[in-house]
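Paired with subunit B in one complex and with subunit C in the other, subunit A is shared by the two complexes that follow.
Here is the complex of A and B:
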């Protein structure tokens, strides 16, 4: 048995932060089932579970054609009224038969995909981590993408984003693994793809951990992109401050690793904090942004003092680095 | 911002000019996406030097997406995937440069209402990520042009600014053809109005770009005899008069790109290296691209005519 899933993370298409009642409306994708929300430590809303029927080839590195039938579970999450996640996952189990059974059989096991024939777990797990899968293989990215689009096109959203950002895809797999496999292996792949190999007893509550990790990875990716584009050290302080503003307005307060992770997975966050050190990188990025804002404030202040007194101030509050020491 | 690149005739240099404009815009710091909507012949990958997508992709490109065969269309990151080393290093401060290629096995397909829905979804999705989406349409009246005119008339995209660039060479035939594409029966304005666009407002979003222009002070002219020069000037005056009469005159023009041998013989992205190191391309060509890249976003260039 193994569980495979993909979490897509992106900015919600709405200029302002979405309040709790609106989140409920936006995520009310299934009639008769209410989204769940909570306010502490951060506004959080999760849609009811939806299922997509699949009967297709399963991924594999060996190229063997393994077929599976069943359903994929998916739900959407809004964090802080700002970040949208679509999470699609399926538990792959050995099939009850070598052929396809009536749909009632699969509908009684929502979220399970049954393999026809003998499953090769390691082959499947690695195949699912590959950057380019066969076009006819199970595509959780497509299922998640459709859910993402359904939420983003909601009439309760204004359709605009406060800044441009890239969606990330975290593809993960959890199974018992081969002897000696590390409990967790996170790899940043090409472009926006991240892969996460988890070793342990398969249980679907791991999705909460994967979504939390995907959220924080997206926050890091996005804040890094903002910093990179601000041209620190080259552009004028006021320009840099303007380019960094979205990070302060919309992202910085969302950093709370592990806030929604079940206790049984907290040790994985500890491992990530130890190496590569998610919070370390975040803290350094936040400090960098705050320092740049401080530099800009100082240059504004010194400009104001100069215009008021008509000359250079006595006390050197000027942030002009590298200014000559010989100036009067 | 959505920018649609179109031309009436083939061989105007539409793709090579619009890819270069997209490239300049990315250098200026914008996140840029280039969409190959030339469904009959999706070969933009070649201009960006992406060998794996020279004739489109087999991994689900624009055709597959618009025909509901794939949910996330194949993306090529030019800064990492181009086979041209000069394009493979993203300069500091430069924005994203992503190509969405067509399908290698795809052909033209009609702009069904469902394809228009997909097109609206695609543009809304790309807007989350990109400052500029440059959409390369095939030459002439095409299903692709019909589809994007229908999509941009839809309420979901009503607050997404869009512009049209009509590329044409500086010849009699091309001037008449370009004007026909826009103003004549079943032209862009007609089709747009049929989809619900306001004709006047749409006309204000269309500008012309002249390609392969030989300027009066161009070095190519120095080898010509004085009789040839005089004749050329007369032709040029005639062309200006013709363009003015057809509504393709100076006021409707966004920019012009000089004749550049590199663009003629090898359609490619011009990088600074081509101008300053190997000196195969002209500096004025890059300046022209930069000029157009800036003017696309300059509201004054798009005020009513």
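Here is the complex of A and C:
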């Protein structure tokens, strides 16, 4: 048995932060079913689970044609009224038969995909981590992508984003693994693909960890991109500050690794904090942004003081002697 | 250890419903049957009675304790309207009583489309997970014809090919889970002749089965809560509650299994019902609740929805 999934993370297409009531409307994708929401430690909303039927080739590195039939579970998440995630995943199990059974058999186990014939778990797990997959293999990316689009096209959103960002894809697999396999291995692939190999007893509550990790990886990726675009050291302080503002307005308060992760997966976060040190990089990015903002503030202060005392500002950003910060 | 903090909206609560062992449907009639009068109705129930008795007896043998069995009858007030509840309901219960049958619960078919404030048909439509054709890997949304549901792959559109002037190459439709040969079923779920959606009889009958199996919830609440009848039955069908508990001592309406005693003329409808039911994904929490209770009670129980639905065709 193994669980494979993909989390896509991106910016919700809405200029302002989306409040809880609106989140409920946007994620109300199934009639008669409420999205679940919570406000502590930060606003969070999750849509009801939906399923997509599949009957196709499963991934594999050996090139063997393994067929699976069943359903993929998917749900959407909005964090902080700002970040949208689509999570698609399936539990792959040994099949009850080596041929296709009536569909009602598979719907009695929603979220499971049954393998026809003998499953080769290691082959499947590695195949799912490959950057390129055969065209006819299970495509969780497309399922998540459609869910993402369905939410983004909601009439409750204004369709605008406050800044540019890239959507990331975290593809993950959890199974018992080969002997001696590490509990987790996160790999940053080319472009927006990240792969995560998890070793342990397969349980679907792992999705909460994968979504939390995907969220924080996206926050890091996005804040790095903002810093890069700010052209620190080249552009004027005021321009830099303006370009960095979205990070302060929309992202900084969202950093809470492990906030929604079940206890049984908390040790995985500890592992990631030790190496590569997610929070370390975040803290350094945040410090860098705050320093730049401070530099800009000082330069503005300095300019203001110069103008008041009849002097032209000379580009020196050090505060004018005698000017206190409270009294610009 | 319990968490020191909780939020109401973060939890999902799903109400459980009381369950009988079996729900027996005492036949089904079209409006023209009622028009044929009391004798016709009596004859219909006379045909049902021995089978209903047999179901009772065979069930009592397989169960550990006392069998909880409820009976029900569905009146079609959706497609055509005949008479008034004040006339028809007593006519039905009296005709049934003459064959020794007690109608515990009486339901209106329009209640399967909309049950009080709940748009039940849409609720079920939203829970359909389409039977995937071999090769469906999630890349494209499931192939659906709006308003139709099938158990396989449709043949190509021959009319279109002919219009293009090419040879009309016929390819047969294929059942997804065929046993060597296909039995391809394509069911119309609804149409909208005057702009308003009209649900098909098999679709409403599928909703009816789901209600009898106690598997539908609206925002976590049970949907089909039976109401006690008033002193008299109303003159208008719309004034009659969608589900009435006629027998105060009846076992619960919903049950682990359903048996419907039907005339053979309903065979195609029920094939369509099973095609639909086979593609409905029931709420995981409801599935879990029902399964656990069946296990705790020691009741034989089927995983697959369609296996909980059985028939006697007369």
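In this section, the second predicted complex is superposed on the first by the 312 of 328 C-alpha atoms of A that agree within 3 Å, B and C clash if a C-alpha of one lies under 4 Å from a C-alpha of the other, contacts with A are read in each partner's own complex, and residues count from 1 in each chain.
Keep this in mind: a contact is a pair of C-beta atoms (placed from the backbone, for glycine too) under 8 Å apart; a residue touches a chain by one contact, two chains touch by 3 or more.
All values derive from a computational prediction rather than experimental measurement.
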Which of subunit B and subunit C A:132 touches, first, second, both or neither: first
Contacts of A:191 with subunit B and subunit C, given as first, second, both or neither: first
Subunit A residues touched by each partner, larger count belonging to subunit B or subunit C: C
Contacts of A:146 with subunit B and subunit C, given as first, second, both or neither: both
Which of subunit B and subunit C A:231 touches, first, second, both or neither: first
First, second, both or neither for A:13, with subunit B first and subunit C second: first
First (subunit B), second (subunit C), both or neither touched by A:159: first
Intersection of the subunit A residues that touch subunit B with those that touch subunit C: 139, 142-143, 146
Touching residues on subunit B, where the partner in the complex is subunit A: 29, 31, 58-60, 70-72, 75, 77, 80, 92-93, 95-96, 121, 124-125, 127-131, 156, 159
Subunit C residues within the subunit A interface of the complex: 5, 7, 9-12, 118-119, 122-123, 126-127, 129-142, 151, 176-177, 217-220, 277-284, 287, 303-307
Subunit A - residues contacting subunit B, complex: 10-11, 13, 132, 135, 139, 141-143, 145-146, 149, 152-153, 159-161, 164-167, 190-191, 228-229, 231, 234
Of subunit A, residues touching subunit C in the complex: 30-34, 36-40, 49, 51-57, 69, 71-72, 88, 100-105, 107-111, 136-140, 142-143, 146
